[in-house]
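Input: structures, listed below.
Below, chain A partners chain B and then partners chain C, in two separate complexes.
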Partner chain A sequence: MGAQKKSGARVSEEADELVRVPLQAILLADSFTTKFRPITLERPKVLLPLVNVPMINYTLTWLESAGVEEVFVFCCSHSKQVINYLHNSDWLSQPNFTVSTIESQNSVSAGDALRVVYERNVIHGDFVLISGDTVSNMSLTQALLEHKERKKKDSNAVMTMVIKRSKPNPAIHQSRLGTDELFMAIDPNTKQLLYYEDRADQSKGTLHLDKSLLVDNPSLSLHHDKQDCYIDICSPEVLSLFTDNFDYQHLRRHFVKGLLLDDIMGYKIFVHEIHSDYAARIDNFRSYDTVSKDIIHRWTYPLVPDVMNFGNSVTKLERQGIYRASEISQSQSAVIGPCTVIGSGTKIGNNTKISNSVIGEGCKIGSNVIIEGCYIWDNISIEDGCKLQHAIVCDGVIIKSGAVLEPGVILSFKVVVGPEFVVPPYSKVSLFQQPIEEDSDEELEYADSTSVIGSQMETSDVEIASQVLETHFSPASELGMGGAGHVWLTCEGGHEEEWRHSVAPIPKDKILEAIKIMEDDLELTHDDSFFPPSGELKPNSNDSDDDDHEDSRDDSYYFEKEVEATFLRAVHENIQESHLILEINSLKLSYNKLTADCAGAVFYAMMKYALDTPHSSADSLLQNVQVVFTKWKKVLTSYLTDIDEQIEIILKFEEMCSESAKEYATLFTRILHYFYNEDVVEEDAILSWEDEKKDADEADKVFVKQAQHLIQWLKEASEEDDDDQE
Partner chain B sequence: MPDVQTLVNDFLNQLKKRKIEGSQATAKLTAELLRSVISQQRVPHTNQATALINAVRAVGEQLIAANPVELAVGNIVRRVLHIIREEDLSLATAAMAGLGVSAASDDEDDVEREENSVLSAAAVAAAARSTLRPPSLQTLLEDTFDSAVVPHTSSSGGESDGRSRSVEKGSRGKKLKHDVIEAVNELIQDISTCYEQIAEQAVEHIHHNEVILTLGSSKTVLEFLYAAKEKQRSFKVFVAEGAPRYQGHLLAKELVARGLQTTVITDSAVFALISRVNMVIVGAHAVMANGGVIAPVGLNMVALAAQRHAVPFVVLAGSHKLCPLYPHNPEVLVNELRSPSELLDFGEFSDCMDSASGAGSLHVVNPTFDYVPPKLVSLFITDTGGHNPSYMYRLIADYYSADDLVVKRRPVVAAVLSSKPRARDVFTFVQRKMNHI
Partner chain C sequence: MDFQVVVLGGGVSKKLLPLVSQELPNALLPVANRPVLSYVLEYLELSNLKDLIVVVEGEEVALHVGAWISGAYADRLHVEVAAVPEDVGTAGAIRAISHHLTAKDILVVSGDLVTDVPLGAVAATHRRHDAVVTAMLCAAPVSGPSESVSSGGKDKTKKPGRYDLIGLDPTKQFLVHIATGAEVEKDLRIQKSMLPAVGQIEIRADLMDAHLYAFKRSVLQEVLDRKSAFHSLKHDVLPYLVRSQLKSEVVLSGMPQAEENRTEKVTSQSNQQMLSQILANASEPTFHLQHSLGPYGSISDQRIHKCCVYIAGSSKYCTRLNSIQAYNDINRDVIGEASHLSGYSYSAQNNVIHPSAELGAKTTIGPHCMLGEGSQMGDKCSVKRSVIGRHCRIGANVKVVNSVVMNHVTIGDSCSIQGSVICSNVQLQERAVLKDCQIGAGFVVAAGSECKGEVLAKK
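After this line comes the complex of A and B, so read on.
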């Protein structure tokens, strides 16, 4: 008995000092999305094999080794399968680690799930919130300690999120896991999360930070290189928050953002960054591919095939990352390349080449087969001469001789591919018909997601092309002679570009495209030396969405108002020019504007002021303008470093004349001439403005015509100059 | 019974998850676990030893499978099996001596036996081992003879022996179990005090103004150096940091805290500095039967450098690290590859490793151990004294019986070939195998 006590104490050595209340965890065995369809129509995502071991095992193993003592597995779709699996595994009979299931049929989101858990009243202390598709080997001790300390000091610190630095290559940055780009603002001292935006992709580089963020926090670090691991340490309050706010559905989109925006309750979220440890969530097929590779490369040690063996077969690691289970029959002439896992009982025929792939148990692979980067699950038969590239093939599939799977193909359970049939890239094949409506009984899904994704869809021509291709496919059940299965169509707008989420590697041209866009961005940043331009003004920005346009238009409006107010204040309070410039600069930064925008705004403010100053006639208005400009010219000229900005203010002036301040209309030429004399605008600017207007509508040309005289004179003058020089 | 099962499962779990590190901790925990297995095991009136052996084997097999890299587990399982055999034998001979039936005819041996009946065999063995230092021819011969007889009788006798002596066994009651537990307790004691026993010998090896080099971190080395310092020896220590885990840093910190003159060097500077070094002292993960050493990665390089400059290469190893297997045995898994995150930052290199995205694919190999062949080792210092590498197999024969080399109950021919005990034992061993098959 003495020995038992001793070793018992040693087990929880790490956790013991921290946790008086047993540490609990909620494991969501449902992702509430449809990203793994069509496979998830038949089997829940958490039971899909990841390097030949069902995903939920990785999560449970980690929870156990991290010192969690009680886990509640929340099952929703296919709940019976999950519960049966857990019953048949030895997870339910572990010492010091209890796993119990909570079943609910009518939850459609993580929010619902947590509300159900709250009703059960089983969570008594801090808990770990994780979904059943997360792979990690991090140690929770430090994060838990931090969480508890913070909680002690500030009862509003309800959650600690685990983040990790992602790949630094900016071109294909976040696409590693196939997730959207993530922006976060973190207080560098307290590690408090201040801002979280995972859908920043849609605005193409623009980011709206609330001004109060800058006001309230002495310092703020913005991160674009972090990856959310979807491991959260929560206080029990989190559950009641979900119950109070019954409209919270999504953990990040609603809950986290909701808490960040809500300043009445003052709940705070903190982050914990891990460095050498591994943590990642499998969100889509691409991250399935990436995480599998990471496991094979042993980043997840000790969660690697040769250490973590759940089955009876022992897997051994050979040179170059080849993992071989026992009882494999392999032909002498078969070549197994690096980073490959082969399950037990698999037969491999003559001259077959396998590389970078995972092969499950009991597969029969014929002769002359080429398998590259594929995930082949259990009991699959692949006949002679097949060629498989970057595909996922589920249990029981039969691929007849000579068939070809192009990159990105998903074959769901028991599909049969006929001989010599070529399955086109990115197609998804299932025995089930594609559900017409997105809401199926089989897998509950997050209701909002389609609309959100739809609105942010980018209409790149490539995607359209791929859609066309896909609609072009044979509609259903035609997989060659004796084939069985339906090819699913990509629903219109329901999916992002297929390549982004597929298991296939990112096509070369996509990478080049991404790099090109990035380089363009860099060049521009170089030009104005301040900030990356907003999407709207990018010279080679492709057609941006209407939404987007409106958005920044709105933004510009506020910006102009701010600048005007600032200017008026300066006029009335007699503030120094340099101070005014400083203030406008800060506005520029907070609104992320270009110098040209500032010039326009300042110009607008000045003209407006001149207009608002009492005047009797057009002449006195001109007088006003002159007075204002003599006094404040410096402010404006400090933004007129370039010809583009000068053109901008001419355009602005033109706009004013035709819209907001018609009184100037008659004075257009005179004021323009005055600007020319005062060196506010240069001759080149006027000429290129005229040049720009050449192709415009007649209506737009009114002022060009008005100024024709001046332009003519300028042109002559310049010619004379040229003559002189000659 | 369920108690033991949960304990075993618990320990298996920890081994599987690689939560226990270091052979000493593992050895101690294994011994403690086996002690409770034995104490919980209900023994029949007949064949007590066989019942115990089977129980320990069953558990041992699982433990070894759980973490085949940690050889200390297997070592302790075999040690415990050996203890059971020894105790059984000593009880049997004692009983026989009581009946006036002597197994052997030799006079001298008879005297030995008489003594044995008073003390337990393990105690005698321990006494023999302590007199073993420094080894003299006399003790060597005696010891050889003694331990050569032990496995022989027990193995060849086997079950029929047990049956014939069932009457005596019944009378002996719980004696065997009690003795075995006593002996296991002694083993646990040995394991926990092995540092001190090794450290006691420090004065004999470290002299004034010497320069000692070590790599990585080892508790045994720390205690050894500190013991020399305690005895007023002043010397310098070079600590190679032991990439990629850099445990040398920890050792250096600890040494400085204890007031030793310490210098930290990179692993790559070892060759440059070795000419100034008087002795290399390192710890080991396991010592194989041929005298080869499984040691933290980087030590083979140090050993080669030491050989080049004729610097003594001394390996400190507690007796629980002595492994009766040979490194070329396919059953022995001598290495483990750890996570590449110890070498590289995850983000920066993970895309080079993904063969699909880049041109080539980067492989990262992060082995935990090195194998240092016996010819590079000058001296082993164990808790029983200093030994030559070529003597290791003899030492190992004291601790293990040939029957236990294969803990798995499935007969494996490879193990027969790879183990190299004395001819007589091999003979009986192979015979037994044949009979089984």
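After this line comes the complex of A and C, so read on.
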């Protein structure tokens, strides 16, 4: 029996193996950012040539070689272009490697994309999540194995992130890929990711880790020397997590951080570090430059120009890292320097010097041209005597004779640079007008980046073409005589940071500047006031107390403001009382306030409104108050459940009279009496208010004295009541 | 080793009340019937360090400690006992005896340390890196103190097993972050400037600062002079040195050659310096050096100093007697698993019974027990994992488990003692039952009383 059972179990295990779904991958053919603008206005990022091969080919080639059997390409902006490209390529007809596309027009983030994929219900097992701009040659086997092992032991291990060692420059706080420095905390034994911070606040000298991290983990390593490769191995739960948390947008900022902070569900993320393999994502122009150089230097083998043959011509590797395609016509006197790629059908004129650059197909380069560190795409004509340094030049650009491109220039499609024109450093030039300056808010960054412009582009091509024609003929263009294109303004304050993400190497002076800042920082950290002189941490704890006070004060202030705004809206839009109460209740919860605070705030808002309503005399002011209270009394009384709250509003009223709304000062007793009549405040509240004020300063007693008459009357009345009862 | 040694004997610690008193200060608290200070002194003697300065708090304590040392070690060690005022802290203690310090390096040992970690290795680490301070780290005790803390003293909610947070560089040779005392319970704050320089910091909560430091004398004295507010070596001086290692404020005598020809910012020069550093240290260029060379090979005018660590192997014993829980643990360990520390020879039953002790009929003394000179036990007694001092009189049918009984204690018939500490001259009348109690010296426990988790002492 036992033996049979055993074998039965084995069979089912094998059956599990048999029904094992093929390894799937989701390839996001949209980066949901605007970093490659203006180029990405016309062509999706994944189709931009990287060393003369569209980026998506690198990603697909790697997925195929890594053993992925089914890829879903998620297209969003310029989706037609991506789909057409894939249809015309060989990718859709590979054996053992199916590529299918998922199109969505209204996704504005990776989170949306994954939600769409989830709805399609096409992912059945573990999958690789990758963006279409990733270049890698790593082997997935080990990482997959680790992921599956962990998953077997702990069903909460939903994701494995691939990381790689890469030390960012300490002075300028960014890696060689131009990405921000990344702080990660990893459990050295289990490789669990515990903390992830990619947009650390530079101004603070210290990094804060929550103490709870160390309670659970006796040791953890804090890494600053790792780079996120943006290759994730995910369990199917990841997709449903995105669906459950509909506010997750960004893969790292929202999803990863969300999971790390959420200790209820207990989902865990692990890391897999690669050592000798290559993996990098092209996030910005600097990483475009870096990755291109890595490809030319063959770090990405076998993803190098002479091995990757897409389409037509054969590229040959010569000495000093020079790659030449076929049918190049090159003048005898032209000098091709090291680490340069030249595409097929390109013509190079006399005495032209090219080094560390990539030249695409069918370009015409004149005589006496100097090209250094540039990325020249296809069908570009560069006339005689031009000088190009560290620039990206897109398809169809014409650079007239004698023009100069300073470092960091981006020329988008079909731009024409006039003769002898000098394009200033870091300018971005496009035939399109720069979209209207939007708030650089994150949400908008996603929103405007893709669908809106993208679809607009495709639908109104004709219109734009006519616009383009117009600019063509404007004689005094922004780009010199006969030039065509608009120089984009860098966003506010962005110019300073332009060098960070540019293709051009970082200028020396910036580095020196940064080093100086770094040293100053060190100095600052050594300020003893920052660290308490004694281990007792007394001064520090005082500090934090002060902070708390400040916070709570700010909090109350904002709370009052919010309540006031809500109340005014209710008045103007004639919202029902019950709805207003509901809204104030939600404010109360979100600010964590007491009912008394609400009463005070609502009262303040009402009195303020009465005061702001036009009035000629004290009497009309009193009338205003009466009008407001007749209408909205119910809102206030719903917070006056207790005598304490009533006292609170009397105190509040007193405060208003003496500070913010002195006009009420003379009316104090009358209004108080009115409140009493209207049952807003009860007799007990007024009496205990008086009681509370007994020991106060003379200055504080002004209003008590003013109300003495009323109080006296109340006391007598109550005595009479008592008498009556007896 | 031309190290000068300072033993910080402490005074009368509040955390150890009611076990300690003016007559029996921390340093003289018996561990397996020997003052705890003797473990440190013999530990130092093993490394051939015989010239010692023992600093204690208070004149009276100094008298007692001095008397004991001169009696026990007169012919073996040259010990100078110095008294400092109470509450000056460890930093204050060193400040007070600063004029006695002359050697290049100073070894500062806490008097309550019980360890067998090779001191030579710590000293070698210190010398090899030319460090300004080398701290010995050991594994934090696993059996967490229930009601006590390692330091700070105010925070009673501390979770077991967490004493210090220690940040190490990837080679585990350098100390790049330390949080002690009350800071441990706060959120971790790491200097941003440090992390890029090191690249990777390993934060360990399972290590503890053993309070054994090797300091460079010039640096230690300068820091103490300059920062008069510094009170404690562990909480102030060490974290300060760790924080400032990339931007040293202390003038280092004979530190990097880079200091002298700083003006020449030639790459070849810096390469040579790097080479000489490598040869001198016989190790990889450390992050300090890489940092000081700057990201582009030029020597930025940075002053650096190094804070090293020596991490005790897991097989070594290393504990500090700084709480009542630790006192119980150490006593148990010294007669148990770390028995080589006690210096006694064990019988076949794995226990130590003084020949002059008398045992009644059917009385059993289990393994890992100790019975001191001249003690008498009645019939049918049972002793397990406990230490019993000298000249105790124990009646019949008494059970002693996991406890420490000091000298001249009288225990009546049918008493039961578990997990407790009974100080000298205590009298337990018959049928007293004690569990997890501490009984101060000279206290009389009434017959038949039952106590659990109490502290009893004379007013």
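Here is the rule we use: the second predicted complex is superposed on the first by the 439 of 726 C-alpha atoms of A that agree within 3 Å, B and C clash if a C-alpha of one lies under 4 Å from a C-alpha of the other, contacts with A are read in each partner's own complex, and residues count from 1 in each chain.
Quick note on the criterion: a residue touches a chain if its C-beta (ideal position, glycine included) is under 8 Å from a C-beta of that chain, and two chains touch if they have at least 3 such contacts.
This one's a predicted model, so the numbers in the text were calculated from it and none came from an experiment.
Engineer: Figure out whether A:Ala484 sits in contact with chain B (first) or chain C (second), or with both, or with neither.
Structural biologist: After superposing on A, A:Ala484 lies clear of both chain B and chain C.
Engineer: For A:Asn356 in the superposed arrangement: first (chain B), second (chain C), both or neither?
Structural biologist: first
Engineer: Of the two partner chains, chain B (first) and chain C (second), which one does A:Leu214 touch, if any: first, second, both, or neither?
Structural biologist: Second partner only, chain C.
Engineer: Once the shared chain is lined up, is A:Val702 touching chain B (first), chain C (second), both, or neither of them?
Structural biologist: neither
Engineer: Let me test your reading of the model: by the given contact rule, A:Ser65 touches which partner, first (chain B), second (chain C), both or neither?
Structural biologist: It touches chain B, and chain C stays clear.
Engineer: Name the contact category of A:His297: first (chain B only), second (chain C only), both, or neither.
Structural biologist: In the superposition, A:His297 touches chain B alone.
Engineer: Determine, under the contact definition given at the top, whether A:Lys164 touches first (chain B), second (chain C), both, or neither.
Structural biologist: A:Lys164: touches chain B, not chain C.
Engineer: Please report the chain A residues shared by its interface with chain B and its interface with chain C.
Structural biologist: Touching chain B in the first complex and chain C in the second, residues 167-169, 225, 511 of chain A appear in both lists.
Engineer: Which stretch or stretches of chain C touch chain A in the complex?
Structural biologist: 151-152, 154, 159, 161-162, 165, 167, 180-183, 185-193, 195-206, 227, 229-232, 234-236, 239-240, 243-244, 246-247, 249, 294-296, 300, 302
Engineer: Inside the complex, what are the residues of chain A that reach chain C?
Structural biologist: Those in contact with chain C are residues 167-171, 173, 181, 183, 185, 188, 200, 202, 204-211, 213-215, 217-225, 511, 515, 518-519, 521-523, 525-526, 528, 531, 533-537.
Engineer: Which bits of chain B are touching chain A when the two form their complex?
Structural biologist: 3, 6-7, 9-11, 13-14, 16-19, 29, 32-33, 35-36, 65, 336-342, 345-348, 350-351, 353-357, 361, 363-364, 366
Engineer: What residues of chain A sit close enough to touch chain B in their complex?
Structural biologist: These residues of chain A touch chain B: 1, 3-4, 6-8, 10-11, 61, 64-65, 94-96, 137, 164-169, 172, 176, 225, 275-278, 290, 293-294, 297-302, 307-308, 314, 317, 320-321, 338-339, 356, 373, 390, 505-506, 511.
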